[in-house]
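Think of it as A, B, C and D in the order they're written, each chain with its own count starting at 1.
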Amino acid sequence: MQVDEAPLEKAFDATIGAGDRIEPRDWMPEKYRQTLIRQVAQHAHSEIIGMQPEGNWITRAPSLRRKAVLLAKVQDEAGHGLYLYSATETLGVSRDELTRRLIEGKQKYSSIFNYPTLTYADVGSIGWLVDGAAICNQVPLCRTSYGPYGRAMIRICKEESFHQRQGYELLMTMMRGTDEQRAMVQESVNRFWWPALMMFGPPDGDSPNTAQSMEWGIKRHTNDELRQRFVDMSVPQAEALGVTFPDPELQWNEERGSYDFGEPDWDEFWQVVKGNGPCNTQRIAHRKAAYDDGAWVREAALAFAAKARADEND
Amino acid sequence: AAELAQYCLMLGDDALVYAHRLSEWTSRAPDLEEDIAIANLALDLVGQARLLLARAAAADSSIVPVLPEGSPVPDEDRLAFFREAGDFRNVRLAETPNGDFAELVTRLLVLSTWRLAIFERLVGHPDAVVSAIAAKGVKELAYHRDFAGRWFVTLAGGTSESRRRLTDAMRAVWPLIPELGEGTDTERTVGVDPAAVALEVGVVLDQVLAVGGMTAPDVPGLARVRGRAGRQGMHSEALSRMLAEMQVVARAHPRGRW
Amino acid sequence: AAELAQYCLMLGDDALVYAHRLSEWTSRAPDLEEDIAIANLALDLVGQARLLLARAAAADSSIVPVLPEGSPVPDEDRLAFFREAGDFRNVRLAETPNGDFAELVTRLLVLSTWRLAIFERLVGHPDAVVSAIAAKGVKELAYHRDFAGRWFVTLAGGTSESRRRLTDAMRAVWPLIPELGEGTDTERTVGVDPAAVALEVGVVLDQVLAVGGMTAPDVPGLARVRGRAGRQGMHSEALSRMLAEMQVVARAHPRGRW
Amino acid sequence: MQVDEAPLEKAFDATIGAGDRIEPRDWMPEKYRQTLIRQVAQHAHSEIIGMQPEGNWITRAPSLRRKAVLLAKVQDEAGHGLYLYSATETLGVSRDELTRRLIEGKQKYSSIFNYPTLTYADVGSIGWLVDGAAICNQVPLCRTSYGPYGRAMIRICKEESFHQRQGYELLMTMMRGTDEQRAMVQESVNRFWWPALMMFGPPDGDSPNTAQSMEWGIKRHTNDELRQRFVDMSVPQAEALGVTFPDPELQWNEERGSYDFGEPDWDEFWQVVKGNGPCNTQRIAHRKAAYDDGAWVREAALAFAAKARADEND
């Protein structure tokens, strides 16, 4: 049976045009669904892989208070992954299937997590800069056209803001500590500044999907717009903290009312995207090991549930 | 007060050390739901450890490691990060290196059942701080035990593989159970005699095992060394390795602010 | 002299860090003969590290960590045990966590071939100490390379399992090879430009691969971070964990005598 | 075909009686062979399991010199294991078979290695006290009746003496260090003193095999004789070091010309022998893991050698 999709598409376009939300039961163009699956899955994967670089320091947290804060944060990331995988399930793809795609390298996650965490200050830098950049990217997504995604994003953004403040607060506390601690903060910021800028994606000229995604309301600002916003937001925060960014070209442009800044190393960016970053292999191997090691537990849980149902039906 | 401090160290170290083992599971659990749940367990225990170590330090400041003058490191962190392995008072079961998920479930079942029984009695402790810590902890530990019990029964009734692993886990955990019940004069004097809850703990464990159709392994308890075990600072080789990792950043910055 | 010190640190840290990974194999090798042989490799490299770190300290005392007045800790140990991960100058391949025996063989083959080529040239180095260290090291490294090469060929021609594992090991090790050849100004100025030995190293590796009937995997090199890699102190997450273990006792006793 | 063993047995007895050595090709009573296999294998296993408690500190050695010394020592233990397994091979049992018996708990090793090493001072205490006790046990074995065993023992004893001096020297150096180091040495000696005394085995009254073994020249002194000799040797060494032994009953007995000393905890001894010691499970699991993990390598080496032989024969 051939369905005439024209009126459906018209209704879809009208919903988008009115700024209303598409819900799981609504008709949607296949390409919209596929683009959303890719984007939401990538976001979910980023939360899950993102547990590793910070999780690396849980067992070495230098105070019990910080240990609790970090544990709770990494736990929140697992929670975010959970919401987002649920959102993709409303689009017809299971968490299991997406995990397989991640492990097999068929789906990506945010490249920032392919950088190593080398000192405890990195926990702070990730909170401040990485979560900060993520929020810039994500706040507009709270108004994204797909309902479940938008609602997940509202909750996630709220928690991310909290994480960002915690990260900044850690760095601020360290800056009030010893000279070694201050040097540790500066060194960490030096390492994370450029990768954080790369989180907004390649320059607009090299970002082919942006136009379609903006039309569909899945994306609401260009990469370069968001990057500029992030720089403008971060510079005064760095000043308050007492650190500098490792960019000699960074300076206020009176005319534009914005900061000028240097170019990230896009060659490095593409290398990391392509899988050759410092930690890509390690991150995927870690995720794969956890998934494989847990297989027997998931199977046992399924078998147990099946037996319980069978008993009920007896 | 010195005895109360020692008692709080024992309970605090159990929580701190086992929280470390649980926290090592982060990003490694069989599924996201368990990752979140295990982080919750670890968070609860870190919380209990903080309160108990702080209480220990307040009861007897002489146990708190001395740091360079002017160091802002709070007492709870001095105790957690600046003591040597031989100064820790946790039972050896808390420090055993992680095995698989069946080992997590089995060990958690034992430790939380036992700790819950102690904490239920400590709610009526004359020390108001200990009493309050226990009241809060009872709710947490009841959840820990339920989580462990549910999974224990699930693995017992799941697949032949899960049952085999659970059997192995029980063989690994059971030799460390007698130490839990042996107790010290300190526990008997200012806290709860573990021997007094051993029966109750045994009944609960038997119930869970019965639901899962599992039998307790017939294995002897791990020997003490000249009468000493974890409570007397006689630990396994694993503890000093754990502490090397746990304490490394704090110790590199004895004047640090975090 | 500052440049020479930096150069000795690079070569010394490669030896120290890789010796640590080799020493982790102790009591874990496939058979007693290999256990003994691997301990020999580690011993040789610890020996090289000691001489090179001592030479570095003598060439530029400003690089030696300051300890409390009167500390008897010798310079070689100050450098080994009191530097942070970011101060280490080893290549990242030296610090990668151990895999299976195929990984040991493959990594050792690469690292020893490469180091041997460098040391052969350093025999003629104007610094008499460096020259003497190199002369001694050449013999040791030739043995290391032969050990690795023999096992590489054995695993390649052994079973399908050993061949599969060797293939995986090559895929893990190969992305870290380009970093070895990249070199720094320090190496080019006061030592041997690794780029100058890259061809020779490649020929040796190709020969061993050919005898084993193995093909080098077609994998890109691991990215540098803003141009930095191990020689510039940009390490993997594994190094700080290794150092937490390696340095724990020394750091607990900054005035200790051992 | 029934062989009349009487003349063979007579020759064997004569060899033993003359203090000469039995060699692999010589006839020997089956019980002698079995007793020897058990004893030499147990000794070999002790060397191999003994690598673990000290090996535990290689990666944490506090100076590079000590790291090299410890690596070399643990390596020597592997070497001793190798000689001793070779000696058992002359009695008709392969190393592989013995390793299996060890892993399956069918053969024992020295119980001392079921105690944990808890500080770096334990490396010194093991050298001084454990190797010291081992030497007391082993020196007489250099004259043992079975040739390959006796010759292995000569080499081993030489190296053990060297290890003992190194261990003592480590403790001596630490005693010249800080207060914390001195306390560490004393604490370590406290833990190892009693287990070292237990190394000589149960009191003579509880040691049923001693008589037969002495008759055969496999054993040359009783457990209690050797224990007394060890105590008498160790007390002055402890005084020179500046440590005490944790035994209130320890005192010089003018009359006997020896030290009186307290009773080890024989209940603990039997628990550890039976497998419930602090580290029994860990030690065997470690050895089993190494053996299992290495299986594919040993198989590959055999397969490779077989192919090489086949090629030669082509």
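Here is the rule we go by: contacts are C-beta pairs under 8 Å (C-beta built on N, C-alpha and C of every residue); 3 or more make two chains touch, one makes a residue touch a chain.
Chain identities (UniProt): A, D = 1,2-phenylacetyl-CoA epoxidase subunit A.
This one's a predicted model, so the numbers in the text were calculated from it and none came from an experiment.
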Checklist line | Interchain contact steps from subunit A to subunit D (minimum; 1 if touching) | finding: 2
Checklist line | More contacts between chains, A-C or C-D | finding: C-D
Notebook entry, point to check: Any idea how many Å lie between the Cα centroids of subunit B and subunit D?
Noted result: 36
Next item on the list: Going through subunit A residue by residue, note those that touch at least 2 other chains and give them in order.
Entry: 60
Note to self: Quick check: what residues of subunit C touch more than one other chain, meaning two or more?
What the structure shows: 244-245, 248, 252
Note to self: I'd like to see which chains touch which, written out pair by pair.
What the structure shows: A-B, A-C, B-C, B-D, C-D
Check: Of all residues in subunit A, which touch subunit B in the complex?
Finding: 48, 51-52, 55, 57-68, 71-72, 74-75, 78-79, 81-82, 85, 95, 120, 170, 173-174, 176-178, 180-181, 286-287, 289-290, 293-301, 303-304, 307
Check: Which part of subunit B faces subunit C closely enough to touch in the complex?
Finding: 84, 241, 244-245, 248, 251-252
Notebook entry, point to check: Can you list the subunit D residues touching subunit B in their complex?
Noted result: 53, 56, 60, 115-119, 187, 191, 194, 246, 265, 268, 271-272, 274, 276-279, 281-282
Notebook entry, point to check: Inside the complex, what are the residues of subunit B that reach subunit D?
Noted result: 85-86, 172, 175, 220-227, 234-237, 240, 244
Check: Quick one: in the complex, what on subunit B touches subunit A?
Finding: 16, 20, 23-24, 26-36, 39-40, 42-43, 46-47, 49-50, 53, 72-74, 76-77, 80-81, 100-101, 153-155, 157-159, 161-162, 165, 245-246, 248-250, 252-253, 255-258
